[in-house]
Each structure stands twice: as structure tokens, then as C-alpha cells.
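First chain written, first letter: the chains are A, B, C and D, and each begins at residue 1.
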Amino acid sequence: MGTDIVFAKEVLIRFGHCDPAGIVFYPRYYELLNALVEDWFNEGLGIPYAELLGPRRTGLPTVRLETDFKRIARMGDVLTQTVRIARIGRTSLALSIAFVGADGEPRVAFEQVIVCTSLDTHLPTPFPSDLRAALERAPSSQEQ
Amino acid sequence: MGTDIVFAKEVLIRFGHCDPAGIVFYPRYYELLNALVEDWFNEGLGIPYAELLGPRRTGLPTVRLETDFKRIARMGDVLTQTVRIARIGRTSLALSIAFVGADGEPRVAFEQVIVCTSLDTHLPTPFPSDLRAALERAPSSQEQ
Amino acid sequence: MGTDIVFAKEVLIRFGHCDPAGIVFYPRYYELLNALVEDWFNEGLGIPYAELLGPRRTGLPTVRLETDFKRIARMGDVLTQTVRIARIGRTSLALSIAFVGADGEPRVAFEQVIVCTSLDTHLPTPFPSDLRAALERAPSSQEQ
Amino acid sequence: MGTDIVFAKEVLIRFGHCDPAGIVFYPRYYELLNALVEDWFNEGLGIPYAELLGPRRTGLPTVRLETDFKRIARMGDVLTQTVRIARIGRTSLALSIAFVGADGEPRVAFEQVIVCTSLDTHLPTPFPSDLRAALERAPSSQEQ
């Protein structure tokens, strides 16, 4: 990538994430992905996600998502989740996210495109200025 | 695509699929996707999915998944889910799946690659012969 | 109970409902329960659930729920879900719901109390008249 | 209760936990409940949950669960989850669990009975001795 990690957080693979094959049921990865982005907004960018999606009526729907499931993860594994910014547009944001095992090997990699919308119209809208400023302060954007 | 639909099924977008923005929370789409593939195996291919993943110890993990979220879907919408076979390999299967609204417009489109594995080793293995035969009998394979 | 079944519907226990122990992960039962009540409203009572919870701004939160998990259910099982009305109040409704296996033995039994609320205030409110009439027409209410 | 809290942990109510009414979709509370018990085992009791349910083939199914949903919780709320031991039996364990808001008011209260089983037979079995010892060391058991 060449871009920096802008946020990282560990996650425990729980019993409830796993299927009868003893490995993560893949829809659960997307719940983890959404939680990670939420944590990044709250803890990394300093933009309270619940305010944004709630009273500020600003939506952040995903419009495109590519996923490579590279290796299996099992109950009890602790994965490191990393967020990189691939591109910041006027109304959209591309992220490269990886979930990496304790052995350093990636389990899943996501390329996600999020669009900023008005929750009243569900139409794209420019990022609010505080969110844009926070995104631009993130490490990777200096490089580009 | 040029390939035929090999399975179609309607699904109701439920209250529990939707988020505070009133639209489908995208991880729920992947639960619907997995249920659709399960129904296709059971009802379309005539290969009981629970036997395959259970006593037959045959895994069907997803290794790659591209998703385009094209339009929002809301609580109460009924979507038609369609499965097309993009490619049948020795140990893998590529599917093109769409969820289409009552207005004929797609809501989500998936390009999914599934691999056949042994649940004892989690390594790829050729499709069992009954599954391969059922896949090859599906309409789209005649065309190719 | 002595009360009649007012709605019944089969459900397939899916791969995605089950955990590494090969049996239903119990939080999934509550998703099935909510879907059953939704189907009962739509298909049994003739009151579109998505309209009620959406434009009609009428909430139906659960305020009390007792569950007995009586026997395990496995991937591939088909359960018959039955709804009985235990009590209809002015703003609340008590239901007795069972999920029964093909062998006639119950897997799970729920005693659920639902309250009718305004989604603007989240305070209890009498059932809308069409919903009350539909509930009172259901078989069990004749008995009481 | 009179019994002591044996484990406490905060949880953020996320966007993905909430429904179109803007409050927690109640099946999500049970996912949080299961995660809390898992964290208590791992962090409080010092018994790795994934080992227990995995290689040790020891199941911990819930057989009875009473829930009172006392007040609504919204996206962005941080709840304090507390675990109390109501009773330790030879093969079963009764817990009183509460999720309490920042205002000190309970949102949900659970009375949960968990049984220890063999994952080979799904039949009840006495708690393994390390788990029993850890349970008995927990504060509330001193009192009884």
C-alpha cells in the first residue's frame, strides 16, 4: 500500500462468531468490520459515530466492498485489525482494512468504499467539515 | 453476464435487518447471502447442505467476495435473489448473485468465490461427485 | 395452555444459526422469534409489520421474555413454530410461543410480553384499533 | 440480591445493535450476554472459554433465561454489565446479570441458568474441577 495504518485495534474471535466448522462464519466478519470503523471514528478520529448517525443525520453507507478471506480464524484467536486510508474524496472514502493473526499472517482483507449521505434523502453529501479535517489529519493523507 | 439464472428466491427485508437509518444494516446482507446459497443447495441442486457441512465433513468457505451496494433497501421490501454460475472449477465455484427490488432495480450484487474443503484439514478438495454433477446440470453450464 | 394456536410456521435451522458445538447458538433463537412475530402480523393478523413500525410509528418492544431451552436443535432440523395468545391487555400482549421438532418434542418455549408504544415517545399506548380487532379475532380470544 | 458482583464490564451500544426505532434490537442483547459470560470466564475466572468449548469438549448451554427489558437503550449509550452468582450446583449455575445505564438505572436484567455438558453427548456433566474451584472462589459464594 505504502499508506500508513491510521487505526489499529485487537478483537477476540468469540464462540458466537464461529460456525459448526469451528471457524468464523463469514457474515460475522462484517459485523466486526462495522464495529471497527465505528471505533475508529470514536477513538481515532474523535468524531462520535452515534451523534453523526443519530442527531447529525449523516449516513455512512458502504457502496462497494471487496473481501479476501485469506486464512481461517478460530474461536479464541485474537486478531489485530488495521485501518488504512486509500483515498479521501469529496463525498466518499476508500479504506484498506486487514485482520491479522498473532502469527502476523492476514486472515481477511477488505477494500471498502464508504459514501457520506444525508439520512433524510439518502443522497451523497460532502463530508462534514470536522470529519473531513479529522480524516485529513490522519497519517496516510500526509503522504499523498 | 450471458449466463442463466440457476436459482431464484424471494426474501422479505425484516425489521431486524434494518438499522437506525431505516435501511438494511449491510452485514445482514451476508446472512441473507449465505441462506440463499444454502437454499440453492437444498432446493435447487438437491444436495442437503446440512449433511454436506455436517456428516459429510465438506466445507464450502468463501474465499473472495465482491459486493456492490447499488441502492438502499428498506424494511418491508421484498427482494428477488438470483444465483448465476460464473465458473465451475475443480475445487472452486464462482457465483454472480443479485438481490433485485420489486421495481426491477438491483439493490446489491455479489461476486462470490467458494472453495470446497475438507472440514478435517480445511484444505481444498475436489467437489464430491454428486455436487459436481448437480452443478454441471445447472442451466448456465450448457452455455459455456 | 388451553389456548389455541393462532399462527404456525416452519423454520429451517441453518448453518449460520449453529455454533462450534453444532447446535443452535441461543441468541439466534431470538432472531427467529422476532421474525415469527413479524410473519404472524403480516400473514396471520393481516397487519403489515413494516408499516406499523415504519410510517405508523407504532413500536412493539418486548418487555419481558422467559425462555426454556428444552432440547438441542441442530443444523438441518425443521422446527414448527407456534404462537398462542396468553392475554390481550389494553397496551400489552402476552404470547406463548413454542418451537417444536419433527419428533413432536419442543426445543424451546417462550413466554413473551410485548407492549405497544409510540415510537416518538417510547411510552405505552393502546393498540391501534385495527390491530386490536385482529388480535381479538384470533382463535384463542374466543375462549376467554 | 444480596450477592456480590463477581464481574463487571462496560459495553458500547453500537449502530449495528439498533433497529429502525433507534433502540437496541432485543436479540442483540443476547449476543452481548453471551460475550459477557465469555469475558467473565476468560478475564474473571481465568478459565479460557475457547479451550473449554473447543479442545476440552465442555459445553455451557443455557437452559433457562428470564429477561426483563426495563428501559430502552440507544446507540452510543455505554452500559455497565454486571454478573452475580445466584447459585452453583453440581452441573448447573444460576446467574443474575444486569446491564445498567450511565444514569444508574437498569436497562435489562437476566436470570440465566447454564448447564455444564459434554459436547460429545450433550448430556449434563459435573463442572470440571478447575472451573468449579474458580466459581467457588468468586466473592458471592463466600456469603452463602
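Just so we're on the same page, a contact is a pair of C-beta atoms (placed from the backbone, for glycine too) under 8 Å apart; a residue touches a chain by one contact, two chains touch by 3 or more.
Please read all numbers here as calculations on a predicted model, not as lab measurements.
K.L.:
Out of curiosity, which chains are bumping into both subunit B and subunit C?
P.N.:
Correct list: A, D.
K.L.:
Taking each chain's centre as the mean of its CA atoms, which one is farthest from the centre of subunit A?
P.N.:
Of all chains, C has its centre farthest from that of subunit A.
K.L.:
Roughly how many whole angstrom separate the Cα centroids of subunit A and subunit D?
P.N.:
Their C-alpha centroids are separated by 28 Å.
K.L.:
Could you give the separation in Å between the centres of subunit A and subunit B, each centre being the mean of its C-alpha atoms?
P.N.:
Computed value for the inter-centroid distance: 24 Å.
K.L.:
Averaging only over C-alpha atoms, locate the centres of subunit A and subunit C and give their separation in whole Å.
P.N.:
35
K.L.:
Please output the residue numbers of subunit B that touch at least 2 other chains, ranges allowed.
P.N.:
Within subunit B, residues 15-16, 20, 22, 25, 27, 31, 34, 53-54, 75 contact more than one other chain.
K.L.:
If each chain is a node and each touching pair an edge, is that a line, ring, star, complete or other?
P.N.:
complete
K.L.:
Would you tell me which residues of subunit C are touching subunit A in their complex?
P.N.:
The contact residues of subunit C facing subunit A are 15-16, 18-20, 22, 25, 27, 75.
K.L.:
Touching residues of subunit A toward subunit B in the complex: what are they?
P.N.:
On the subunit A side, the touching residues are 20-21, 23, 25-28, 30-31, 33-34, 53-54, 59, 61-69, 72, 119, 122.
K.L.:
Taking the touch rule as given, give the residues of subunit A at its contact with subunit D in the complex, in rising order.
P.N.:
By the definition above, subunit A touches subunit D via 12-16, 22, 31, 34-35, 38, 42, 48-51, 53-54, 74-76.
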